[in-house]
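Shared between the two complexes below is subunit A, which has subunit B as its partner in the first and subunit C in the second.
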Partner chain A sequence: MNIEQLLAQAEQLLAPWNKETIHPESNRLDVVIIADDLRAAVNALHDAHWGYLSAITGLDLGPASAQMEALYHFCSGLAITSLRVRLPHDNASLPSIADILPPASFFEREMQEMLGFKFSGLNISERLFLPDDWPEDVYPMRANFTLDQAAPVAGRHADELPEQGVVGGNTFVIPIGPQHPALKEPGHFEFTVDGEIVTAARMRLGYAHRGIEKAAESRNWIQNLYLFERVCGICSHTHALAYSLGVEKLAQVEAPPRAQAIRELVAGLERVHSHLLWLGVAAHEAGFDTLFMYSWRDRETVMNLLEQITGNRVNYSANLLGGVKCDIGPEQAKAIKEGLNYLETRIRHYLEVVTTDVMFLNRTRGIGTISYDEAVKFGLLGPTARASGLVRDVRVEAPYGAYTHFPVSAVTETNGDLEARCEVRLKELLVSCFTMRTIVDNLPEGPLTVRMPRKIPAGETVSRIEAPRGELFYFIKSNGGETPARVHIRTPSLCNWVSVLEKAVGRQLADIPMLIAGMDPCFSCNDRVVTLKRPGSNENWSWKQLREYGIEYYKR
Partner chain B sequence: MNTFTSLITLLIFPAGLSLVLVGMFYEWVDRKLVARFQNRVGPRWFQPFADALKLFAKEQIRPAIVNPYLFFGLPVAALAGALTAALYVPLMGLSPASSFPGDLIVTIYLLSLPTMCVGLAGWNTSGRFSLIGATRTLTQLFAYEAPFLLAMLGPALVAGSWQINTINRFTQDHWLILTQPVGFIVALIGLMGKLELPPFDAPEAETEIVAGALTEYSGRGLAMFKISRSVELIIGLSLVSSFYLGGLNGIPSFLFKSLALLLVMSVLQVLLTRLRIDQTVGLWWRFGAILVLAQLLVMILWKGLAL
Partner chain C sequence: MKIGTMLKDVIESFFKKNATQLYPIERTPTPERFRGNLQYNPAACTGCCLCVKDCPSKAIELVTLDRAAKRFVLKYHMDRCVYCGQCAINCRFKCMGMSNTDWEHASLNKEEFTIYYGKDEDIEQLLANLAKPAAESIVK
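So, the complex of A and B:
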């Protein structure tokens, strides 16, 4: 089915509740409905298997209208259908759809904390992102939010962990994180174990919230490019790319073909670096440090390539609005090809190791198995979904940028266990290596950038790209000014958590680190949205102060 | 004069201080080998000494709810157990400081003392990671202990004695690794289990339970537990090489044989992925114990028929 047919089908499915139809872009359909019809409408799309729930965006339409809007984005290939529900500030109550679509629970919790939507039927009041001493009824993503509203509530701690210890008999609560050798990143998990068997799991995020979505609203379009690059240190390029593609779409500008190809090339190299990093971490969690050391050694090759192309190892800043910053000359092309040759042999070797090493298979084969149906139900994304046979790959389903010229094929496995996830990621790298070589050989000639206007025309756009961990979703709204009105980011990790929490129960404690690592969680992906006054410190740091502190710090 | 020599033997050489130093040296060899196999640089030669010195100089933090006598006593007991076991073993290839019929059994039980102490220490500190670690330590003890003991009994049976010194003299003419290969493998792997080396490091799997039973230990206590493990390493290597690798009859043969064993152990550590605790127990009882029992049975029958 092509885009028009898909959208027509969606429109027909939603017709009973449709109050108004908007076509913001050629591939999008917005259907305005009322809150009471939400569940029926979601059910209609769900029952007809029309796409999957990609994200829920909350918009504050400003103090003047005193209204908020919730956007439920369903994606099927290139087509996107959004259900729009408009609600007043003081009664932003929606029915929860988490029982129909489990990943919605995380989206709803985010909206509940950040924008003050109320979800009837969600029944989770504990905080996921905001600290526990954050005042009630203060929502950081509301338009009228100011920092002095965020004074911590006296007598509460930022992290009110229920320190239960021994629950009774053989039952303990094992805390993993925010500081724990298994997770070098700040997430908190509590696994209730009976002996060695996990009987319950809960999690908590937000230990490193940096308020990026909010900060974006006060920076201009170009500054934001560098801000979003810092959402994640591993897939920095994909964030900048998703943002640039979105803004270019709004400005109706297209980056030149050479720039598009270089973007795909850098994204490919980034995928290699990210997956090799993941392989190392997964091996370490399983207690196979040798594989960890070797894969990280080989990862240096791709890091050096990225440095050679862009000048940086982590935040490459390869993107500009309307193009790229760096060119691929003959020297870089040669280095890339040599690097890819080496990496390919190594990746083949690792593929052999993860599929034949008996001791490693002991820890991966048949563990954390997610069936195809469960993958659909949990709304999994990226390699985690593909390991269960579910093709969720934006590069294939909805090609963007240069992926129409240099296509990739989706790699899938059917077993859905940790072994399959290792295999999918490594095989995917071989595909990436092949495509990258094609790009280097057939790099289109032409300029690297086109001119971008300083003010972006008013409008809304959705930009989806495939990050190493899965679909990355950007919703960008412009009011026609020099700064965006709202940027909503939905990262792949957020969608994949459900599967970990569901699958942990009944497993051995020893499998848990592998289970968590198996979906390649990225905590910086999850943590974006808050600045806060800490207890014991009376100041909020302004941007200027932070900048000066940074300069002072690095002088030493 | 006799007391003086005994004191030297006990405190300086070959037991006591020099044993501790050699233990740390072997620990360094192990760490360095593993690091080089894993493509890392690895520690410098004095790293274990520096670690121990640093730990001894540091404050030992006691959790509020522990029993202080146990908390401070257990590391001492562990180290004492390991050092006492050293008296009956042909350390550095020299004849044991003390010897009596049946000292093999005593030594093996003394060698279990440090592990028991670690388990108790984990139970005493009653932190969550410590408790799980202690459970796993003790579970693992029950898994490898019997097969390891049986693997040690094989040489004792053919030598016709339960005295380490006698067995050592007997094996100098008999390379039992050739006639009892199963026993040798079980003994070597059992030693790795005893020392909680990978792949048997589930009791201290850092990605799950931080440092296991010893999570709450710091300073002197931790140093003593670590040293007792180094001492155990030396004793274990001495026992296995003396029983299976043609005996020990001098410092060169000790160095050569034990370092060769250590090399094999390092390679195994590098190659193998950590086993879950249920997999460890399964491995020992489904394979280790059965194989070594079968070998013992064959030997008993052989001996019975030959007589």
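So, the complex of A and C:
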């Protein structure tokens, strides 16, 4: 189906509750509904399998109107349908849809804390981003928020750990993090274990929360480009690219073809760097440090290429609003091709290692298996979803920028275990290498930038691109001034956490580092908290059995 | 299913030179496009302040002593700089650029992270002015 048909279908599905229809852009449909009809409307889209819930954006419409708006964005290919619910400040109460669509619980909790929406049926009052001593009823993303409101309040603390971690009987809680040798970034996990079997998993993030969305409201459009580039240190180009594409769409400016191609090229190199970094981390968590060392040595090749092209190893700053800064000359083209030749042979070698090495396969094959149906239910994105056979790749489903001229094919696997996730990522790199070579050979001629206005016309836009970890979602609203009115970011790691927490229950504690590494989490991208508690299974050893085994073992 | 799939790499590495480098004894030259410290040439400057306006980290201050005589002093806070290069892009008169050789920043005191660019006498005048009570300051 094309965009028009998809949008017409969505409009028809939502007709019973539709109060007003708006077409903000050619690929978007906004349907205004009232809060009481929300669940029925979401159910209608969900039952008809119309796309997936990509993000929920909360907007404060300002003190003048004393109203807020919640936008539920559903994406299907290029088409985006947003359900808009308008609510007054003092009674912003919505029904929770987390039971229909599990990933919505993260989005709802974010809005609950940042904007003061109330969700009936969510039943989680634990803090998500905000520190425990943040005062009640102060919402940092509201328009009338001032810094002096954020004075710390004494007496409010997170759940204390039980003494010596004993919860009762044979059950222990093992806390990991926020600062822990096994974690590369700050995060806090509590695994309740019976013997060596995990019976409940809980995590708390937010240790690297920097309030970037709020900070964006006080910076001009150009300054924000560099601010968003720093959301993530690994996919910095993708964040800047998503933002640039969104702002260019609002300004009705299109970057020249050569710039678009160079953007895709840098994004491709970044994907190679990100996935090789991930491969090293995953190998390290599995205890395969040789693979870790060698994959990181080879990653230097792509880091040096990025440095040579853009001038920096990490925050490349290749993007400008309306184009790119760096050109690809004959010298760079030669270096890229040589680098890609080397990387391709190495990636093929690593692909062989992860699919044949006995030791590594013991840690990956059949572990953390996510079926296709579960992947759909959890709303997984990126390589984690593709390893379960679910094609979620914005580059393929909704091509943006140069991906229409230099397309990529989606790599999928069907097993859904950790091995499949390794395979998907490495095979994806081979596809990327092929596409990058095509781009270098067929780089369109022309200028690198077009002129951008300093003031961006009023409007709202959605910009979705494929980051190395999955779909990255930017919602950008302009009031026509020199600064954005609201930028909302939903990063892919956020949606993928569910897979870890769901799959941790019932597994051995020793599998947990691999499970966490398997989805390639990016803590600084998404700082959020999730709780999931489940009765455990007893398919393996209980505490009593483990204790008896230990006593017997040391008797010998 | 195989054992020791990485063994070949390990053995080969015995006969290769180290992947790591003994910095600072060994050095690889930085690429031509590398973005190190900001360089500024007041002779080409018109004092339009577009560089200051778009700096994401407020790392540059431009003090105009005398616009007609091109007496500008650029106060560059390299500890705040994020090395994005937007100022150099914004400058229509090419009076700014990022150096690819000046990038080794370690220092024992913070003062060295503030760099003044301009003619020597202009910098002296600015610093003398700054030392005076605030009311007489000409900054901004």
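As a convention for this text, the second predicted complex is superposed on the first by the 515 of 556 C-alpha atoms of A that agree within 3 Å, B and C clash if a C-alpha of one lies under 4 Å from a C-alpha of the other, contacts with A are read in each partner's own complex, and residues count from 1 in each chain.
Heads up, the rule we're going with is that a contact is a pair of C-beta atoms (placed from the backbone, for glycine too) under 8 Å apart; a residue touches a chain by one contact, two chains touch by 3 or more.
It should be emphasised that the depicted structure is a prediction, and the values quoted were computed from it without experimental measurement.
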With the two complexes superposed on chain A, say which partner A:512 touches: subunit B (first), subunit C (second), both, or neither.
first
In the superposed arrangement, does A:399 touch subunit B (first), subunit C (second), both or neither?
neither
Once the shared chain is lined up, is A:285 touching subunit B (first), subunit C (second), both, or neither of them?
first
Counting only touches as set out at the top, which of subunit B and subunit C does A:297 meet: first, second, both, neither?
both
Touched partner set for A:339, first subunit B, second subunit C, both or neither
neither
Just subunit B (first), just subunit C (second), both, or neither: which does A:357 touch?
both
Should A:220 be classified as contacting the first partner (subunit B), the second (subunit C), both, or neither?
second
Tell me the contact category for A:379 with respect to subunit B and subunit C: first, second, both or neither.
neither
Partner chain in contact with A:175 - subunit B first, subunit C second, else both or neither
first
So the subunit A residues that subunit B and subunit C both touch are 288, 290, 294, 297, 357, 359-360
Note: in the complex, subunit C contacts subunit A through residues 1-3, 5-6, 9-10, 19, 30-31, 33-35, 53-57, 82-86, 89, 98, 100
Residues of subunit B touching subunit A in their complex?
37-40, 128-129, 131-132, 135, 198-199, 201-202, 205-210, 270-279
Listed in rising order, subunit A residues that touch subunit C in their complex are 219-220, 222-227, 229-230, 288, 290-291, 294, 297, 300, 307-312, 315, 317, 320, 325-326, 349, 352-353, 356-361
Note which residues of subunit A are touching subunit B in the complex, please.
165-166, 172-176, 180-182, 193, 195-196, 283-290, 293-294, 297, 357, 359-360, 362-363, 508-513
